[in-house]
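Should a chain be cited, it is by its letter among A, B, C, D, E and F, assigned in written order, with residues numbered from 1 in that chain.
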């Protein structure tokens, strides 16, 4: 065909003028519906006209911002808050946050019960009870977080004040989320707990499973790439650095993983342990009290209290002067 | 000079009262303009009065949120959506999203063609064609993503349901972005594709180049620090953990990198491979079907199907009881 | 008690109808107040009716978005900006940004001086002076950032244009924040500097202490997990990849860390060095000009110019064919 | 006392520095609580811990914007809507709007039933039924509104097109609200209806009671100050101008107003009547078909079809040349 | 049927639990589509897939807020603007506002030309020319508005300063809109002009047709209910109060209105006239220079310069002592 | 010239492609600056680098929304408020509102003092004192508003409950604003008071000067067009309808208006008076206790208690049967 550019451009002017094109939306929408229906059939979902069945990560994100403010009003609350009205702010914020949480708890309980015959009222009473218990636990959560803030202040020579720690340290964000997520996990809403944990993961690069039990005074420095597994147990005043993994020894447990998924499979870390950047501690091993695990160490067995474990790194480098290559 | 603080403070009161100070903005603005003009000259940019020449990451961020919702309406769509109106939501959302995408595609095409003589109409027809092809591909993208969700559910013993996977797993966010970015990359808008990939990188810590070819059923667990290069080829049902790199053997290709930049330089990973956390696989090597690569392994050569590669880690630690230091 | 579910559900209807439950908010609020007061007492905080004492991360986040736009108006400014009005946009944006910065600087200075007798006016004059110096430095900051953009373009064979670099590369975001944070650090507002650095850390996974001195043409590829310490000194045209640490040899300096916290304890990296992914360089060592540090290398001593350091990785793998396990 | 201004200013600097003052909030809050409790006692409200009992005007405002868009998608819908996806938009918008409406209907029904023993389920079924009937009525509402738009186009020589009428005429906004409010009034939620009417009143200055019955083709020009009462009955193709009142003859019914409040007390206006600006028609009078009521006329009795009523205005002015005063 | 309430309530609990009901949306959407299609057929609209054809009132509302700020930056601009950066703000704001205006002008021109054969380029050049002329006229518009502000200050004994006038007087809002709308009307975009006028009408209750010609120093006090018609001509330093109408003598011109719609049909008001609240001046009459028209006067004929027109109000009241009724 | 449309359109395509045109912004900005400077010179404003000098209507709009919520939390507060946390909400809301008010009060005081030598500290102390007095007055304001709500409920046979009155009646909005504005007026910030009044005027069409003294139980029905002047004095339980004016007899006081502007010039309305729609009462006259003023009455003299004043409306109409014209 022999149509020059200028002709096309002439035609194009009217194309441009006649506004936006047709995307054949009906076909695309139908295609997407078909895939959705295939999926639902494969997952044996009942097709019913219903509303949202699952909690909303965005709603929980807002909720966590509110809880951060309620826990630390003068530091993480609104910029113009004054001490005179701290309690007003805390009460007003909690009221909205707890009611939003109630709605999310309801969704998870209802979803979990969707193949049982538990009645609506039972679920509602359970949801209210969970939120009430959560509310009651907030002062203790704050108390624990205070120990984490102090630990960060003591643990980082560069920290100038506890306030700086609260404002800047990603490890503190991760711990606020974890202590909240852990409580939700204990109260029987593990999906909400997981979403709360993933929100911190996205913000800080620190990935702590809500099931992990962590004692007071826990400090994570830098933090990016830290992974702490579901059955890990961590004592008091433990310090870890970026890219530390407290994981499962997945290699050997590969075939049976699904069978024993409730079993303890992550490390126990006793009080006053320090684990430096990049170290991996895998499996249900115990790091004895006061031990120090060096950077990049790969550890799959228990060590007794007071151990120092370092990488045998001297054999590790091959040095060539560039010119010699 | 002998001015006491109280005097200064007296003066200060009027300073405070006379409001905000002068920043000498004209000079700063002129300084910035001068640098900009120097840069533009150095880059041989024509100085013309024009509007935005490049796509907007923020616009694409909004667009991806819309596409996530259109692909998984009851899970990632608005909180108050009901099944009765799923198709209305999907159609309405896609309409806005595709038109916004068209505007961004236009910008990239125009930018790419800025030193050629391609006419406006040709670009417009090309832009419309790209968006139409993208729209048509959406059902297949959803179909692939369903395999990823199932893989995550199968691969993680801690996952309770496919819904939890969709709501919580950063690996799923990364794959939604990647499957969209890969299609845009194929359709000839690599800059948009790259922006889409980087949005996932920022949100999840998972960095997949849009050019990477990834088969169905791909599962990334935890994910922080994963890097997958442009020419990587990944088969079906592959699983990788956090901090895995599928990279180029950059060391040897350093001087010539720019010359061969189209050439395959990242690994081929065959079906059913598992790569544990921290492993680095570098260069155009092949990991044979069903192989398992252990944590922290550094691998720069091919391995045959069914291999198990582990770090020789037993020699790796030097243990001292703390008291002995 | 013998109440069946259906009866409960009958009651439940009225529960649902009688709206939301009581959280015993007064008690929770009182509990939180008590913990706060305990903390304040422990920290020897005076209880006074005052407003916010500390800078706001959210305000700084907005401020950095504005500064990014003012530094690169046609790339990172608003989508509909045109060159004709660049200067208007830059001036208007800077005006608001600098005044917001002034308010934040005031908060930090006042907070730092809260136990001294420095007068309000002195602080105000100092705050104004800091912001004025910061404003004056902006053209130089842009000039340095231009060298970083060019370095990224030269350093990554996959980069198609300097514009793509500016739009997509997390390393550029990290450097915009760092060069701003470093200037704030120099000007005497280290807390603001730290918050600016952590904002980039959260967005990119790259953690650069504001005190680090970094020469022109610095390029970070991929970036997730990079950590650069407070006293690191980096020359011209240095390139680092993901998960590189330029850290302190914390192990040995553990007991004395707090005593010498101002001392140089991070590496000096001379011009033209390349450090590949996962390498750790620890302590006040010097990497000589033009050296190349390989992936995953663990380095705690100085190397002379032109060195190539690689991991002794050949001994590193234990290969088993899967069937043989 | 003999303190000069400068001394005060010195003190003032520290006042300014010590941040914001104390408002004695506890006392003010207690004062307000006391008044509220007094009011609730006077109104014999039960003091119970409950959520919102009444519909929200702000929610209804958003809802009406959505309904305007659903009724006239290409004119009052989103700026970037295209005909291809009109139905998607309408369906998606109605879905959200109707569910929001359901929540508001629930609140009104529950509030109305608060002193009865109607069960929660009965109310819920009633609420659903009201919203379903409302949804079903929407096409007819649109059909009626089309006649109003045509009437405005015919009735105003300055109107250039029906589209201009829809975009600009406050009378059309008032009628969209009225036809929706009237339907809600009929369906048994008079409070919602009233709020919808008041939203139009605030926006346009036109105050139509939701109970008023208005035939097709009704046109209000300019509109500010128009008041149409609850029992007014208006025929087809009636036209009124600004500041027209169709009110009750309140003067004589003053003492008994409360007794007979359901009785017809506003005018009947037959087909094809025109009422010019500022005219007041008061009481249960009938304006016969095709009559014309002149500007500022005060009319308290019925007029037969085809009447022309004018103000006896010639006697009305007293003219003086200004110099003569 | 014999089902008691409690039974219904038991059922209701599951109704409530099974989430939101079905609105039969498909049918409602289809009903609305049918009405739309009927309307489009009746209006002889071509059914084509296209985008928005008409300007957007909401966009114009935002645009007017921007123009108000650009015209009076320190009074109606952003709260934190400082004089140092006024020009930056004005330039930046105008840039965005004019480009938004261009898009709206395009829509109106395209819509007006939809049944002609005018090409896209011609329309585009015309649109650009209109916006450029509008931009050029802005300083003169500001100059005229300054006279209006001064007139308000002189005319209202309660005004304390010209700044108060600018901040508080609805008459000033109305005049800012009118002087902008009048210019748009002159430039050939009467629909945009009308929307701008109606935005002021909604905000202030003052309804001035964009075609009205109004000299400098015009002051409207209180303003609610003022109506000024399309062909009105108003001289210098005229003052009007609330509810004044400068309208057409519609009564007699009723049948022929459509024929002569371009003809002058509203009053000419010469310099220095004052018209008090509620007065109606109707038809193409002339109010001579310096005349004073009293409150509630109904005037349909010309009066010579210097006239005082008052209502013959003394005969107007019938006074009864209440007890005597 | 002989260029056909198609040629222009060909050119036009590239015009469209080359993005947005040049507005010659520098010239427009310079033009506007010139007018501003002319104005400032004419007004004898000092040209100094300063921030905002005047209160912000938008800020006050937000503030009034907050105060409405604090005064009537369960009715005008947030939709999800519960009685349990009313006080938290009230305290938190007031805290923010009072601090925002303080900033606005500061601006007005500083502006009013700009040509005096009052020191910054004096102004600050005065500002704090005004806000504190305002806060203290809030319970009394609420108490008065309760009488207005009750009056509306009693006065309108159509009102179903006091709650409906609070949610729907524009007269209540006007009175909330007035009682707040009147207090601000008394406390010495008349500009803020005026802005508060104008916000109600814009929303409701009711224009009450902040200086007007209004007793308890005041009810305005419909309201559009009501004007109440600065020195009006209104007793207890007065009721007025739409378009009622309580104004100055401006006609006779025209020349001397500026001289006597503090003097009482608006009516005194004693207890229990009713004034029907459209009536004008002008000048310092007294409407005796219990009088009733009929619709559209024009009254410029005092009437004794218990009077009934009606328009002599019977002579008022000229009736013609339409056919006879």
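One rule holds in what follows: a residue touches a chain if its C-beta (ideal position, glycine included) is under 8 Å from a C-beta of that chain, and two chains touch if they have at least 3 such contacts.
Per UniProt, the chains are A, B, C, D, E, F = serine O-acetyltransferase.
Here the structure is a predicted model, which means the values were calculated and not measured.
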Chains touching both chain A and chain E: B, C, D, F
Relative orientation of copies chain A and chain C, as a Cα rotation angle in degrees, nearest 5: 120
Equivalent interface positions on chain B and chain D, same or different at half: same
Length of the line joining the C-alpha centres of chain C and chain F, rounded to whole Å: 49
Rounded Å distance, chain B centre to chain C centre (Cα mean): 20
Inter-chain centre distance, chain C versus chain D - centres from mean C-alpha coordinates, in Å: 53
Per-residue multi-chain contacts in chain B, two or more chains: 6, 9-10, 12-14, 16, 19-23, 25, 29, 48-51, 80-82, 84-85, 87-88, 90-91, 94-95, 99, 119-121, 205, 224-225, 243, 292, 310-311
Touching residues (chain side chain A, partner chain D) in the complex: 19-20, 22-23, 25, 29, 51, 82, 84-85, 88, 99
Complex contact set, residues of chain D against chain B: 6, 9-10, 12-14, 16, 78, 80-82, 84-85, 87-96, 99
Residue ranges of chain E in contact with chain F within the complex: 70-71, 73-75, 79-84, 86-87, 90-91, 94-95, 98-99, 102, 117-122, 124-125, 128, 131-132, 135-136, 138-139, 142-143, 146, 157-158, 160, 162-164, 167-170, 203-205, 222, 224-225, 242-243, 274, 276-278, 292, 294-296, 310-311, 313, 315-323, 325
Interface residues, chain B side, partner chain C - complex: 5-6, 8-13, 15-16, 20-21, 23-29, 31-36, 39, 43, 47-59, 111, 190-191, 194-195, 198, 201-202, 205, 207, 209, 224-225, 227, 230, 243, 245, 247, 250-251, 254, 257-258, 261, 280, 282, 290-292, 297-300, 303-304, 306-312
